[in-house]
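Let me begin by handing over the structure; questions about it come next.
Chains: A, B, C and D, in written order; residue numbering restarts at 1 for each.
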Amino acid sequence: MARTNTEVYRPFRGTLGARTLGFLALARAGIAAATKRKLPLVILFGPPAIATVIFSFVVYARFALEAGVTPSPLGGPSPASMIAVGFAKQMIQVREEIFMFHLAMSLFTLLVIAWFGAGLIADDRRLGAHLLYFARPLSRSGYLAAKFLTVLFFGGIAVVAPGLVICIVATFASPDFAFLRDEGSLIPRTILFGTLWAGVWGSVMLAISSLFLRKTLALVASFAFFMITTAISVVLANLQQDDRFLMLSLQMNMQRIAGWMLDGPSMRMHWDVRWSFAVVLGITAAAWAILFARVRRLEASA
Amino acid sequence: MPGLAASTWLLFRTQLSRVWWSRRALACLALAAATPALAWLVAAFGEVSGAEIATNLGWLLLLQVIVPLLALVAGSAVVTEEIEDRTISYLFSRPIPRASVLLGRWLAALLFVSTLLAVAALSTAFLASRSAAPGPAVGCGIVVPLLEAAVLGGAVYSAIFAAAGVFFRHPMIVGLGYAFAIEGFLANLPGRNQALTVQYYLRSIVGTTGSDAWREVEGFELSRFDSATSAVVTLAVVLVLFLAAGSWRITRREFVLSA
Amino acid sequence: MTLLVARDLARWYGPVVGLVDVALELEPGVIGLLGPNGAGKSTFLKLVAGEIRPSRGTIEVLGRDPFANRAHFAETGFVPQQDALYNDMTGRDFVAFLLRLSGHSAKQARDRAGQALERVGLADAMNRPTRGYSRGMRQRTKIAQAIAHAPKLLVADEPLAGLDPIARRGIVELMLELARGGTSILVSSHVLHEVEELTDNVLLLHRGRVLAQGEVPEIRALLSRHPRKVEIRARDARALARAVLDLPGVGSLRISADGTSLGVETHDLEGFLSALPRTAAAVRAGIRSLETPDAGLEAVFEYLVS
Amino acid sequence: MAEASSSTAEAVVVIRGLEKSYGSVRALRSLSLELAPGPTGLLGPNGAGKTTLIKLLLGLLRPDAGHATIAGCDPTTASGRLALRRSVGYMPENECSIPGLTGLEIVSTLGQLTGLTRADSLSRAHEVLDYVGIDEARYRLADEWSAGMKQRLKLAQALVHDPGLLLLDEPTSGLDPKGRRHMLDLIHDLGHVQHKSLLLCSHLLPDIERTCRDVVVLKEGAVALAGGIAELTRTDGIRVRVEVGGDRARFEQALAASGYACTPEVNGRIAIRLDGRASDADELFALAADSGASLRSIEEVRSSLEQVFVAGVANEERT
């Protein structure tokens, strides 16, 4: 029996579930949107990737020297590998080197999270996306959770991935996985620290993004926030000859926490790590307070 | 039809009353208040001498961070604000020379920035002088150069960023790049290329006219100093050059607003 | 003298074409600028207002090159398309400030600003900051600043957008009053019935080219390749169809499914209409209405654009 | 469009004594209203409270007093708010899109946010984009779309979860004639063929006349007028407006001679009162034939919605 299916509007036959995890779709969309433009990805993730590769080779060379085997670089002796071997000779302690590398990477994470986080709420407001979101069964906390997951995704990659890769390389390079036995706990601690670092700075960045209407303004504001807190903490510390003033800078606190979590040297910071945790959690709580207030206004103005 | 002077005066007077009541002004107030607040804190709770507070905070925080940032926030908006708010069509359909839009609004921003920075410099010095700790008094040798460098620095920086607003689409980012990346980098290089930074001339003014208290500030005595007058003259020339370039550009350029 | 002369005028925004080889001469009066989105209406108005420069060719308004020409700005009022005002200023201060920039003294500016705002119907709201204005009030403030200095030419980009019927009627009457007073008006819109209320003289743009220019009926007459349509609703359309078939110029007949309406296409509209009364009187088919739907601007626009 | 205007089916939206003010401005003044299923137009001058009403219905704003139920849910409770947004489609007034996503991704993401599974929302996105007439452009970033296409995208995202009730705020703003006609055809199809209930908020009266069956006129936050469009625009006696060609003077004398009451109009046309004498204009044709005149157009005189609107809104203050 012939059938025609020419009706222009086809009613929806599927079911409309009460999916509480609907906001994950918003997070996925956020990540998809951010990865569309390739250039920023290359600029922001290129250098850390290269640094990770080189540093992994150095760790490999270090363990090879310890085991008395002369390291054989994959593509035959090249100037780069000679330098790496030379450097490996002066390395004191693998774990400490990993810590220092980790710190260098976490500074780079600031930039990554600032770039991806700045536009998340600012561009939504400028382009009126909140009109579309809040006409949906999406609660304010759902919206914020999705935005936070997006920035955590990029921050996490930037800070956790390098540390993990190097730990894995160290594990395989160390003689019969000695690294895993002695320093095995370093891997979970790296992941934990990376997530904390991305979470804290991600929250601050989102709060700044919700205060401005344009991505560029949010970027400048985040730079100013970072610049001024660091400058103030350094000036006060020098003036008062008291390094506890370094606690005013978020980034110094994170280094202190890193020192404690990854058993690294704690340079000029000798205060009790609980203080750093207090400051960091305080700043994160303030960021989330700003976020909830701004999103409440965003929903009403939808 | 109003000439350059008349229309510049008109825009200056109107903008003057508006520049104080915007969110941007709020940000500037917060920036300006940072240094004096710190000076009060350290004077009240620290055991550091007033002169040391004034010179350290004055140089390391006020002149190197607050002056460029405040001038950036206020200066880069001189023309960009009208473009982003898309109200520039009203001004550019009036029988006035377009340069008066840049000059008139810049003068208002200049008065705003100079007032804030002058108050910041004076209050920092005053609050620092109340410190109980022994040490040299916060005399004119500290206050005058700080005031002069802060106001002159604010003026030059705001002119540079106002001109950037006419040349570039994102003057804030370009300004930030210049003030903190380029100047920061060049300032540390030995030799003549320090002369390309505004900071060098501010340091010359403070270095030659200030009292010895300034010398103890960490990293202050690095470079060779020009004389104070040649520094001031150079800054004045830089200011005029940037404003002239901005005026020429704003007259020639078409401002096509996105729909 | 002629209002505007454009010779081989073109304007690009990078690869995007705004206008391409526009050649026309406009006489003073009210001219409606029409065209689909992206047809180049705003580009043309910005060229006339002197906000942008042509990429090629020349344009002369009131005998002058408009770009950044101060003499031109003194005699022209421009209502921009974007909904942007100085939100912290009151309506009166805003218009007065712009009048000062047009060379009026402080007192003169304040008085003329008050008059202009009254003419657009903002007498009571003029002393409140424009932040609290509704969309229609903001639109009328923009018009007030453009007419306050009594320009010879008013260039308006979508002035009626967002206005409710009462506000729109007020502005249309104001523009007609200005036109009677000798001000030439160049107004763009893409809501055709708004333009029809204002003027019959239109300039049709499409994809950056001038499709047609002049009075609507004349343009329609030029479109000879399109036969004229006549829609007749009657009690017995079929009987009327039989009688009408051999009237002059009849090309095709179309009877609606329910048999109550007859569509006729004829190449000789005048002949058909003058012969119709005798036939209709004879047939007595119970005619209730008769229309020539394609005489209006909408149909002319449709023929030209499709 | 002579269907029964408000069938006995229970009302889609019930509003009782709704109050809302922003500081000194009273946006809604104890508004009471019942919307029957089917397409209803919401009319009113700028600042009459239209957008405020829509936001209250969506639960984006809390009313100062009074209550409303929409699609059976109460927008003031959190659970009611989430439930109603699943069965209501909202097309916002100002331009909006999600930064950095293609049209298809926007509609499917919003579908998932409403509760569709990933597969359902993707296939549904294609269906609604086909319906609103967006073809290959759906794979391009929505930021680069023209104003007209963004307007169609807004309608598509409102339809993705096939809601029973649609809230359309100024759907034709920014559209050119062709885009406008296409949008009105879609809305007409949704209202009359798909039998969706919709609240169309607009200041362009021809849009409402073209797509809606009932109309509600708001003035300063209260209902000035409400009812079926057909009833509101019906005139009492049958009057026709005629445009005369050829020998107009003789035709007017013939009219007067045969006792027709006629009044000349501004654009050269004549309004003739027929009532009682005939139900059609054949007689006029006879008179025209005898007096050598031709009738270029005959239209039944109905007070257009514009007159109803002006009368409804401006009955006290001077127009």
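By definition in this document, a residue touches a chain if its C-beta (ideal position, glycine included) is under 8 Å from a C-beta of that chain, and two chains touch if they have at least 3 such contacts.
Please read all numbers here as calculations on a predicted model, not as lab measurements.
Using the contact threshold fixed earlier, the set of chains in contact with both chain B and chain D is A, C. Centroid to centroid, with C-alpha atoms defining each point, chain B and chain C lie 50 Å apart.
Distance from the chain C centre to the chain D centre is 24 Å, each centre being the mean of its Cα atoms. Centre-to-centre spacing of chain A and chain B amounts to 34 Å, using the average Cα coordinate of each chain. Residue positions of chain B touching 2 or more other chains: 259.
Of all residues in chain D, those that touch two or more other chains are 147.
Chain contact topology: the protein chains form a single closed ring, every chain touching exactly two others.
The residues of chain B lying in touch with chain A in their complex are 31, 34, 38, 42, 46, 48, 52-53, 56-57, 60-61, 64-65, 69, 72, 84, 170, 172-173, 176, 180, 218.
The part of chain B that touches chain C in the complex is made up of residues 1-2, 7, 10-11, 14, 18, 21-22, 85-87, 89-98, 251, 254-257, 259.
Residue ranges of chain C in contact with chain D, taken from their complex: 35-39, 132, 134-137, 161-167, 169, 190-193, 234-235, 270, 273-274, 276-278, 280-281, 284-292, 298, 301-302, 305.
The touching residues of chain C, counted against chain B in their complex, run 13, 42, 46, 49-53, 68, 70-71, 73-74, 76-78, 80-82, 84-86, 88-89, 97-98, 100-103, 145.
Of all residues in chain A, only 214, 216-217, 219-220, 223-224, 227-228, 231-232, 234-236, 238-240 touch chain B in the complex they form.
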